[in-house]
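Following this line, the structures themselves.
Two complexes are shown next, each including subunit A; its partner changes from subunit B in the first to subunit C in the second.
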Partner chain A sequence: MIAATKVIAVAHTVSPGLWALAWTRLKSDHVGMVSLAIVAAFIVMMVLSALGLIAGDWAKETGINYAPPSFLGDDIEAGARTGAVTSPAGTPGEPGSETRPGGVDPLADAPAEPKEGAKPAEAPATETNGDGGKSVDPLADVMADIKAGAAREAAKGGAVPAEVRAATLPFGGDKWGRDVLKKTIKGSQTSIFVGLAAAAVAVFLGTVFGALAGYYGRWVDDFFNWFYSVFNSIPYLLLILAVAAVLQQKGVLTIILILGLTGWTGTFRLIRGEYLKHKAREYVQAADAIGASHLRRMFVHIFPNVSHVVLVQLSIYAVGFIKAEVILSFLGFGVPVDVVSWGSMLNEAQNELILGKWWQLAAATTAMALLVTAFSLFTDALRDALDPKLKGRSGA
Partner chain B sequence: MKPNNETNPLVRVRNLEVAFRIDRSVVFEAVKRVSFDIPQDTTVALVGESGSGKSVTALALLGLLPPENSIIGAASEVLFGGGNVLRRSAPELRAMRGADISMIFQEPMTSLNPVFTVGFQLIEVLRLHMGMTPGEARKRAIELLDEVGIPDPGYKIDAYPSQMSGGQQQRVMIAMAIACEPKLLIADEPTTALDVTIQKQILDLIAALQKKRRMSVLFITHDLAVVGEIADYVVVMRNGEIREQGPAQQVFENPQDAYTQALLKCRPQLDRRPMRLPVIDDYMDGRTLGSRDMSERTRGVDPGDAIVLEVNGLGKDFYSREGLFGKRKFEAVKNVSFKLPKGKTLGLVGESGSGKTTVGLTLMRLHEASSGEAIFEGRDLLAMSPKEFMAYKRRIQIIFQNPYASLNPRFIVGEILTEPMQLHGIGAGGQERTELAFELLQKVGLPEASFYKYPHEFSGGQRQRIAIARCLTMKPDILICDESVSALDVSVQAQVLNLLQDLQDEYQLSYIFISHDLAVVKYIADEIMVMSEGRIVEIANSDEIYRNPREPYTQRLLASIPKGWHGGRGDAAPT
Partner chain C sequence: MRAYIIRRLWQMIPTMLGVILLVFILFNWIGGDPAYVLAGKISNQEQIDNIRRQLGVDQPAWVQLWIFIKQVLTGDFGASWSTNEKVGQILATRLGPSLTVLVPLLVIETLTAIGLALAVAYVRGALTDRAVMILCTVGLSISILVYIIVFQYFFAYKLGWFPVQGWGNGFLENLFVYASLPILIGLVVSIAPNLRLYRTFFLDEINQDYVRTARAKGLSENRIMWIHVLRNASIPIITHLMAGLPALLLGQFLIERFFSIPGIGREVILAVERSDFPVIKAITVYVAFATIATNLLADLMYKAVDPRVQLK
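Take a look at the complex of A and B:
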C-alpha cells in the first residue's frame, strides 16, 4: 500500500498544488458540491441583501396582519382570528404604524411577558414603560404609543390608511403584515454575517495564540495554557453574558465580539498541537538552518502546512456561531429589535405560534436548518478533501 | 534440506497480479504476474527497492490486502496448505494467520502494543491459537522468550515494551511469530530499523530458528548484503515484476539480469573504492563495465591539510524533569574534539544514541552547546551572539536524513531554492536569484521544469538533490550530511554519493558525514570518527580504521557489517 501511493505521487507530471488537488477531490464529492452550492447561494443572498438589491423593502407592511401564505389561499378562519385579536388595539392599520419606529424599544424581551397569548402586539411597548405601566394597565401604553405614532404619521402628511394591503403574501406575513420571505432573507444577512465574522475572529485568535504557544513552548505555552484553562473553566453561556454586560450595548458588532472572544479555545488547542508537531519537523529545522527568523518559520513555513486545519475550523465555527446567534437572539441577548435576524424571528414566532401563525417559525427554521446542514456537510467534505493522509504527502 | 523441495513446495505463487484503485479512473498495478515458489525448510529472500511490490506480495500471501481498493487478477493463485489463499474466507484466513503463516514487521516499536506487557501479548497469541490455559501459556511464553535470547525471561515477561531495547522488542516480535510453530515466517525488513550490531544478532537468530524448527522463511529486504548472509533462494523484484530468481549462489555469483548486476555493484563495497560508484542506469542502458573509470580513489588526511573547523571539548547536556522540582542531566555529547580539513570528509559513525546527530546539530547551533568551542576562521561559532552568527550561518549547512520531511510540502522548488538567497542577500534581485536557482538545478541533475513543481512530485533521490541544491545556494564551506543517503534506495544512494563527491571535487567543500552505514562511510570518508555513548571511541584515517581497528568497540562494529555473499551462510555454500 505504502509503496503504491508513493509511486503514484511521483507519477503525477503536471504540478497542481495541494489546494488544487484538494479541490479536485472535493469536486468528485457530490454531497460536498451540492452543499457548497447551497452555502454559496446563501452567501450570495446575504451579499445582495446587504447591498440592498433584494429584500431592501422588507420592513414595508405590504400585507394584512398575519397574512397567510399564498399557497394556503386567503384563509378565512385565520383572518377572522387575526381580526379578533388585533381589534382591541385599534384598526388593522394602526398597529403597523405603531411598530414602525420599533427602534425605540431596544429591550424587546418578549419571553418575560405573561400576557403574550392575549395580546402579542403590545409586548414590546409594556417593557419600555417599565415597572409601573406593567401592572396598572397594559393598554394605556399601547394606546399612547399608537397615538404618538399616528400623530407622527399625520405630521409627515402620509395617507397611511389609503394603502392597499394584500390579503396573502408569498410565504405569509408577520404581525405587522411584513413579508416573511423578505424578512427571512434580511434575517439571513444578520445571521450569516454574524456567524462568519465571529468565526473569523475566533479562529484568528485561536490560530495566533495556538501558534505562539505551540511554537515557542516553555513559559509562553504555560501562559496560554493557563489562560485557556481559566477561560474554559467558566460556563460558556455565563461568559457570553459577562462579555455582553461589559460591552454594555446591543448590536451586531457586539454579538460578533462576544462569540469571537469566547470561541477561540477549541482552535487554540488544535493549532497548538499542530505547531508542536510541526516545529520538530525537519523542514522547520532546515528553515532554521538557512537562517529564517522565528516569525518567518511560524507563519511562512509552518502556517501553510496547518492552514487546512484552520479552514475546517473556520467552517465548523461558522455553523456553530450561526446557531449561537440564533440562540442568543432568541433569548434576547442578541441583536436589537430593529435588526431582524433568524433568532429574533424565532423569538417573535413563539408568540405567534399560539395563534396558529406558523409561517414565520417555518421560514426561519427552514432557512437555518438548510444552511447549517449544508454547511456541516460541506465541512465534512472539505475535511475529507484536505486530509493529508489520502494523498499529496505520500508519507515517507 | 534439499531433497524434493522443487516438486512439493510449501507455497506456490502463480501469476499473482495485484492492483490498487487510487481513485475512480486511476488504477496502480503494484504486482504484475509474479510467480515463484517457497520450498519447505528454506529461506527465500524477496529483494527489491521501494515500489517494487515486495511488501504487497507478502500481504497477498497472508490475505491481508485491503479489500476496499485492491484488485486481484483472476488468474492469480497463492497455493498454500492445499488451497488458494486468495479465495479463502475471512475466518479461514484468520485461522491460517498466526498458526500456519506469521509475520514480523519492520518497526518493533510500533508493532507491540505499548500499554500491555510483552507477556500479556504473547500469552494472548498462545491462548487464541493454541487453546492453552493461562498457566500453560505463561510457561510456554517464558520458554519462547528464552528461545529468542531474552535474558532473564521469567522477569522480562512482565516488562512493558518501552522497558526493552529495540533489539529486544524485535526478539519479542519473533517470539510471538513463532509461538504457534508456523510453517512459514514472513519477515518484512525485520532489521532495517535496527543498529548494525543488533541486526547481526537478529539475523543469526532467524537463521538459527529456521534451522531448528525446519520452517520456511520469506525474508523481504532492500539490502542485498543482508540477503547474502541468510537466503537460500533469491527473488529480485522491480516495479512489480520479477527480474531474476534462483539459488542464492547463482544470483550472487552469476547474475543474469542487468538490474541484479546493478544492485550488486551500486552498493559501496568495503574492499573497493572506485572514483565513481556505478549507477543503475549504467547497467540498464547496457553500458559495459569497461567504459567506466575503474581506478581507485585514494582517501585520507595529511597532517599538512588546511583546517577549516576545529572543535574542542564539545559537550551537550539534555535535562529531563524528574519529580516535582528535580532535573536529571543526560549527557548526549561528552568532550568531543576533532579537526575538519578543507575539502575532505570526516565520517561520523556510531549506533543510535551515540550522539553523532547531536554533534551535527550543535555545530549548526540548532541545539545550543553546553560546553566547548568550534573555531571557524579564527572565531568561536558557539560563543557568538545570534546576530553575529547569522553571517556565519550560511557557511555551515546541513542535509537531513529524510528527504520526505526536510522540504516544505507547500513550497514549490523555486521558492525552496530562492528563499535562502533572499534571507542572506545573495544575488541582486529576484531575477538573478532565479537564474542561480536554475543553474543549481542543472548542477544537481534535475530538469529546469522542476523549478515549478512541489516536493511531493519527486522521488526520494530527487528530493535529496533539491535539499543539496538548497544548501549550495548559500555557498557553504562545510556541509553536514546527517544520514543523508540512509533513507534512499541502493541505486539512488549511489547517484547521490556521486553527486556529493563531484561537488566536493569542484568546490572543495568539507563534509561531516554522519551515518550508521559503515560501507557508505568507508566509501566517502577520508577520516572516520567512531562515537559511542556521546564519546569519541576512535579517530583515524578511514583505510587505517577498517584495516586495523584499535578499540574493541570499533572491532565489534566492523565485525557486524553484513558481508554479502562472500561471507555467506556456511551450510548454503556450494558443495
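Take a look at the complex of A and C:
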C-alpha cells in the first residue's frame, strides 16, 4: 500500500505554475534580465540610502562651491591656486571615497563663507597669505590661522586632512559645494520611493474598485463607471495640480497620496474587464458551490488569476509616477525644500547650466534615464513573460 | 445619427455633475475653509467672516453647491483672487497663445509620427526598426524638463537662434519667432511615445489578409501602406489623438512656463502657486467638459472613418 502511493507520487509530475513559467521565460530574455538587474541595483541603493548607510552625509558641504568633477581636473576654472591644499578627492566614480570620517568642524566652513559667490574658485583659502591681500575681509587671515590650526589638530589626530574643502568632487559639487553624486543617490531614494509607493496606492485602489465593479456588476458597476468617467474626464496633470493647490502642504506622504488617489483609473478599467471575464468561469461557480463567500471568491479565487495584470500595472505606474514626481518637485509642488529629489536637482540645475555648471543636470538626468529605461524595458519583458500571447506588441 | 447624438449628450450630464461635485468637494472641504486661504495670514476674525459672507461659505453646503453650478453654467466665476481680473476674461485671453503653440505642434507632430511609424512598421524587425525603437525608449526615459532646459540653453541662450523667452503682439511674430522653439521641443518630446504607439497600430494591420490580397492584385506598396493600412489603423490613432487633446492644452504648461508664454498651462501653474481657487476651478471644470465633448467627437469620427462602426 505504501509502495503503491510512492509509485503514484513519483509518476505524478507537477506541471510548473504560471509564475515558474513566467520566470523561465523572463530568464531567457536577456534585455529583460539586464534591466531587472539595473532596477534591482537602484532599489538596493534606495534601501541603503534610506538606512543611512550610503549618502547619509549628502547635505555636508564637502567641496568648494560648484566644485568641478574630478575627471575634468580642478584647473578648469581655479585660477592661480597654490598647491598647498591637499585635495582629498577620491577616485572618480567611486561613491563615498572622498568622505572624511572626521567629525564636523564648526569653524571649518567659516573662512570660505564670506567669499562665497564672489570668488568661488578660491574658496579653499586655508593657506595663502598670498591672495590674502585681495580679500576685503579683515578677519580672513585670523580665520585662516584658526582653520589651519584646526587642520593641524585633525592631522595630528591621525585623521584624513580635516575640513579642507575639496577642489574637485567625483561628480562635481552644487552651489553650496555638496557632492552631486551623493545628492543624486539621495535624490534617487526620494524619487524611487515616491514612485513605488504611489504606484502601490494607485494599483491597490484600481484593483479593489475594479474587482468590486466587475464582480458585482449592476448598480455597483454603474457607480464605479460613473466615478471612473468623472476622474477620467479631468486631465491627469490638472487633477494633480488642483489637489496640490488645495492641500497646501508639501511632503513625501502628500505627493504619494496625490499621485495614488488620482491615478487609479487605468488599473480599474483593466481589472474590471478581467473580473467580468473570470466571474462566469467554472472555477468560480465551483467556489460558489462549496459555499465560498463573495469576498473569498473575489480575492482568494479570482485575484491570483489576474495578479499578473496587477504586477504589470504596478511596473507601468512606477515609471509614470517617477516621471510625475520629478515634474511636480521641479515646479515646487512636490517634496519640501529640505528633501532632495531628482526634480529639485533639475530645478537647481536649470540656473547652474547658464553658469556653465552642467554636472548636476547630467547626474540627475543620467540616473533618471538609466532607471526609467531599465524599468520600461523590464516592464515590457515582464508583460511578455506573463502573457506570451501579447509578445511583440509592447509599446501600447 | 441624431438620436445617437442626443442620447450621448443626455448621458454626459451625470459625468458633468460628477466633475462639478468632485471639484466642489475638493475646493470647499478637503482644502479647508477657502476664506482662510483668501484672507491669508494677516487677518482677524471679522475680516474672515466678511470674506465668508462674500464667498457664500457661511451658507449650507447645498446652497454653495448651487452657487457653484450657477457659476459653471453662466461662466461667471467672479474675479481672480490674486489679480482681480475676471476669470472669464483670463480664460479668453490665455486661450490664444496656447493654441498658437498647440495647433501647429499637433499637425506637424501627427503627420511626422504617422509617416515615421509607417516607415518603421514597413521595415519591421530590421536594424532601422530596432534602432529607432531603442532610440524612442531612451528618448522617452529622459524627463521633458531636461529637453526644455537643454534646448532652451543651447538653441536660444548659446546659439541665439531663437528668443530665450517672451511673447509678442502679432500672430505671425508669435508663431514664427516666439513659438518656434517651443514647438520644436514639443515635437521632440511627443514624437517618441507616439511613434512607438502608432507603430504597434500599423503592425496589427500589416499582417492582415487584406494586405496580402492588395499585394496579390498588384497594388503598389505606397498605395497599400498609405491608403489601406493607414485607413484601417486610423481608429486607434484617432482615439489616442482625441483622448489626449484637452490634456495637451495643459501638457504644454511646462513649455509655457519656461518660455513665458501667456497660455492656459502657465495660468494653471500661477494659479496653483498663488492659491487662486476661482481660476483653478474654472479651468478644471471647463477642461473636463472639453474632454467629455471630444470623446463624443471621437466616436462620431470613427463612423466617418470606418463605415462598419455601428453607433449605438
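Simple rule for what comes next: the second predicted complex is superposed on the first by the 283 of 396 C-alpha atoms of A that agree within 3 Å, B and C clash if a C-alpha of one lies under 4 Å from a C-alpha of the other, contacts with A are read in each partner's own complex, and residues count from 1 in each chain.
Here is the rule we go by: a contact is a pair of C-beta atoms (placed from the backbone, for glycine too) under 8 Å apart; a residue touches a chain by one contact, two chains touch by 3 or more.
All of these numbers come straight from a predicted model, not from anything done at the bench.
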*Which one hits more subunit A residues, subunit B or subunit C?*
C
_Contacts of A:376 with subunit B and subunit C, given as first, second, both or neither_ = second
*Please indicate which partner A:236 is in contact with in the superposed arrangement: first for subunit B, second for subunit C, both, or neither.*
second
*Please work out whether A:282 is in contact with subunit B alone, subunit C alone, both, or neither, and reply first, second, both or neither.*
first
*What is the contact status of A:23 with respect to subunit B (first) and subunit C (second): first, second, both, or neither?*
neither
_Going by the contact definition given at the top, which residues of subunit A touch subunit B in one complex and subunit C in the other?_
392-396
*Sort out for me which residues of subunit B touch subunit A in the complex.*
20, 22-24, 26, 28, 30, 50-53, 55-56, 59, 66, 361, 364, 366, 390, 393-394, 397-398, 400-402, 404-412, 419-420, 423-424, 452-454, 456-460, 467, 470, 474, 487
_Contacting residues of subunit A [partner subunit B, same complex]_ = 1-10, 12-13, 15, 17-18, 25, 28, 281-283, 285-292, 301, 304-305, 392-396
*Can you check the complex and tell me which residues of subunit A touch subunit C?*
226-227, 229-239, 241-248, 323, 326-327, 330-333, 342-343, 346, 349-350, 353-354, 361, 365, 368-373, 376-377, 392-396
*Provide the residue numbers of subunit C that touch subunit A in the complex, in ascending order.*
14-15, 18-19, 21-23, 26-27, 30-32, 37, 133, 137-138, 140-146, 149-150, 153, 157, 196-197, 199-200, 203-204, 246-247, 250-251, 253-254, 257, 268-269, 271-273, 275, 277, 280, 283-284, 287-289, 291-292, 295
